[in-house]
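Take a look at the structures below.
Each of the two complexes below includes subunit A, the first together with subunit B, the second together with subunit C.
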Partner chain A sequence: MADRLAARWWIVPVTAAGIAFLAALPLMVSAYTVSLLISMLAYTSLATSWAFFSGTTRYISLATAAFVGIGTYTVALLSDHLPLAVVLAIAPVVGFVIALGVGLSTLRLSGVYFVIFTFGLAELIKQLVIWYEINQTKTLARYIFVNASGTLIYELLLATAVVVISGVWWFSRARLGYALRVIGEDEMVARHSGIDTTRVKVLVFAATSAVMSLVGAVLSLRYTYVDPNIGFNSLVSFQVLIMALLGGIGRPWGPALGAIPLVLLFELLSGTFPHYFSIALGICFVVIVYFLPGGVMGLIDRGRKWLLPALRPGRGP
Partner chain B sequence: MIFDVVLSGLVVGGMYGLIALGLNLQYGIARMMNLAYGEALMGGAYTAFWLFMLWKIDPLLSMLVSVPVAFCGNWLIYRYLLTPLVRRAANQDILEADTILVTFGLLFVFQGLALVQWGGEYRGYTYLAVPVDVLGAPVALNRLLAMGAALVLGLALYWVLRATRVGGALRAIAIDPVAAQLVAIDVPRLSALAFATGGAIMAVAGTLVSMFLSFNASIGIVYTLKALIVVIMGGVGRMLGCLMAGLILGFAEALGAWLVDPGLTLAINFALFLLILLVRPQGLFSRG
Partner chain C sequence: MTATAPLLAIRGLRKSFGGLQAVHGFDLDVPEGSIVGLIGPNGSGKTTVLNLVTGEIAPDGGTVQLDGREMIGLPAFRVCRARIARTFQLVRILPGMTTRENVLIGRLFGAAPTTPRHAGREIDALLDRVGLADRADQAGAQLTYIDQKRVELARALATQPRLLLLDEWLAGLNPAELQIGIELIRRIRGEGVAIVMIEHVMEAIRALCDHVVVMSAGGLIASGAPDAVLHDPEVARVYLGDDDA
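What follows is the complex of A and B.
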């Protein structure tokens, strides 16, 4: 592995240059483009962290919307009282703690039970917030008065995305990544080979959920107005899932490859044919499962194998 | 007052029992988790609504259209969308993930089509809204009809499964599909039949629900969720357990709406779900 890394020494300067270019991008493009880029970065972080847990362990989580909403509401509740940096530091902690509780009670569920529970969790939190707002505060809406420019949001999300992708890259090569993959292959085997499956699952679930809350908190700076239906929009969970699947979940940068085209597609759809959004989302699901099982990454891998069989003599198909 | 709660729990609970039976046919016998399950209910409700609004056709007659359509539609989905996944899947986990994703896709397609066609607003119509005196409490006739139909259909289905040859074969598949094949049961054909029947039941439930509750294009997922909770409570593959669990959920919702707040019914659903998880996870959650 050290040899392979040494042979790819150029990756470091190229990545650094790429990040520097992305960081400078808001100075060069229009405000509309910046807002589009903000969505791409946000969904890249969400899809990458989703894929790190759900993609490797095969526990399909639809709780993304719940944790994004927790971040949003942390900002809505605290931004009047505390400095922005503190609020943004609190949001992932809240997400982490809640995810820890949820994980401990539900991660022994498998398959469809977990899917439904996480979907229900997002809806449950939304219902409780609606009920609380109507009965206690007597108003459904909250206002967020924070002076944050599009550029600031962009840079924060860029930093998040860089940290998330490099974190996933690092951990998938570490013991933790192997443990997750073994759990995904066969949980029984994982337990028998000495992996504390519950601890690994719960910790990774909580950590990736914390990232989702952070992204939700940063994104909320864009809004001036938020209500439970915006904050806990369950479509976000499905969009993140489909982005990760389109990109391919085996590689750290796979989900990003799915997030970018789908953000563009959804933006185009909601601008031109808002009613067909749901149909398009559904067709995306079906097409990806039937025709792109490994996502774009899988397609690239297959293309490589087909084009360059001679270059990889040691590996069978 | 408490009698009202019991009655309303009975009406809603009967409905939940019925939709859980249908889901049990799909998930317990055909072994396919169909998350687009509730869309058949949405379709049945809209069929009843439009036939009634446009041509004054009795909602009960509208089932002559919606039920065969739901049956054939679900059969086609099983045969041409889900069966290929079975052949492709390397193991049960991958198959489950694939079916969940595909049926989520179908859910969005159907919901989107309904949204484009009929918009997102809540619909409802007045049918048999005459009060009937039941032990001193007034109950709308449409609710009684819906409850009666749900219970009759539920028990009839139970009888078919218990007392007929086809029913026996279906129960054998629910217990062990491989062993069922060894005793000359045509598993693929009967599984498709069970799956399609589940969808048809959902269309009936949709017609009944539309008589006394308002609905919109995105109502399907709510009923899918409730059906699933009931199936998990009652036990996958267990029919009578499902009817009972449906009634329990109905009572719990009615009681919660009365004691706490009607806005919290969904919260009560999930509280019950969690409770069962904590109290009896192994018995209720074992995969047959």
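What follows is the complex of A and C.
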């Protein structure tokens, strides 16, 4: 273990240099590129946190849109009254608390029932917000007047992505990572091996949902206008899922490898074929699930296995 | 049953599934460091007893005490941490994890939780003990049946149990493997772990058990030393059949 770490001493400086480069990037590129990078970073955090819970435990959640929307609406409701930093700190707490309640009541559901419930949850919260806005505030849309530059949004999301990926990297090698994997493999074995499955599932679901709400809150600074259909866009849940699948779950940086190309692809598609976007999205789903079951990470692993024996003669299989 | 208090004491355990009384009024004492055989025909409620003791399902009544501490009402993970470990009738291996990881999780979350970093050497020793040292890095899905059974046993032992519940752990082994398995169980007992084994392999029961109890239709029908119980005509009638008795 120590030898392996010593042999990889270069990882820390290279990562630090990479992060510094990414942090400086907005100074060098156009505003359009910054907005594209913002989407990449946002979806990287979303896909990474989604994969950490749903990818490992195999409790497939379609509630991503719900928690993103909760973040967006926290900003929409509070940004007139509180300083931005406070609002951004509140958003993940709101997401965490709601996810805690949802988790406690639903994580006993298994398989497809959990999937359907989480999908319904996003819709339910959206309808509740619509009801509240129509009946209480008499408006269906809100303006977000926050003075935030693209660079600020970018840097906030970069920091979030770095924390999320390192957090996932750290926890997946710790006890928690094993607990999640065992739950995904066989929950009965998990229980009888001393794992408090309910606590692990609920806390990780809540923590990853909090990240989603934070991302939603930061992203909302881009908008000047938000309504429930924008805030709680269920397409987001599916996009995040397919990004995580494309990248490959089970590695901390896997989902990022799916988020980056798909953000580019979606951008290209919605720019050139805005009317066929859903069809293109559907085709992406099919192609990825059918041809890349292990995702990009799986492809890299296969390539390595195939190449390494050739590169190191005498150590072949 | 014994002069000193038993390690495990089950009293009046009851469980019905709908109209079916799976277990009714089941009593059992397991003295410290002993091996108790639990036998009976299929469907007699043996595995249900294991599921009740380990917190997998809740009983309708009765008590299960480990060293005086009540287990009924505890969730399965707490029963495991209270140092009761089990294997499963149908082997439950984690197919996507390696042999080492399969065993490691018992150590990480069992009676004395620790971190992956600290568990390494212990897990190697445990793998060696059950004869899996050379397959440590194989995926669970690739292991043979006997090796999967070894993994399950090692995982249960990794939780550091005082009481080990084996659900037909020796079933399906060939004669050579059976001898290895019997020897392994004997060694585990030698290290102070009490064992309750559900088993159909009479050779193993005779070789290992200090005490045998026989279940039929959810209740106890006989109890005693292996030879006496196996020659009980009532036991022969409900369970062994004419050719095996």
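In the analysis below, the second predicted complex is superposed on the first by the 308 of 317 C-alpha atoms of A that agree within 3 Å, B and C clash if a C-alpha of one lies under 4 Å from a C-alpha of the other, contacts with A are read in each partner's own complex, and residues count from 1 in each chain.
By definition in this document, contacts are C-beta pairs under 8 Å (C-beta built on N, C-alpha and C of every residue); 3 or more make two chains touch, one makes a residue touch a chain.
Everything numeric in this text was worked out from a predicted model, so none of it was measured.
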Combined model on subunit A where subunit B meets subunit C, clash or fit: fit
Subunit B versus subunit C as contact partner of A:Ile130, first or second or both or neither: first
Per-residue contact with subunit A, leading partner among subunit C and subunit B: B
Which superposed partner A:Val93 touches (first subunit B, second subunit C, both, neither): neither
Partner chain in contact with A:Ile279 - subunit B first, subunit C second, else both or neither: first
Partner chain(s) touched by A:Ala179 [first = subunit B, second = subunit C, both, neither]: second
Which superposed partner A:Val115 touches (first subunit B, second subunit C, both, neither): first
Touched partner set for A:Thr197, first subunit B, second subunit C, both or neither: second
Touched partner set for A:Val189, first subunit B, second subunit C, both or neither: second
Lowest inter-chain C-alpha distance for subunit C and subunit B in the superposed arrangement, angstrom: 9
Residues of subunit A contacting subunit B in one complex and subunit C in the other: none
Subunit A contact footprint on subunit C (complex, rising order): 54-56, 75-77, 80-81, 85-86, 88, 92, 94-97, 101, 104-106, 108-111, 113, 115-117, 120, 155, 159
In the complex, subunit A residues that touch subunit B: 58, 60, 105-106, 108-109, 111-113, 115-117, 119-121, 123-124, 127-128, 130-131, 134-135, 238, 241, 245, 275-286, 288-290
Residues of subunit A defined as touching subunit C within the complex: 1, 173-175, 178-179, 181-182, 184-186, 188-197
Of subunit B, residues touching subunit A in the complex: 33, 81, 84-85, 93, 96-98, 100-102, 104-113, 115-116, 225, 228-229, 232, 261, 263-264, 266-267, 269-270, 273-274, 277-278, 281, 285
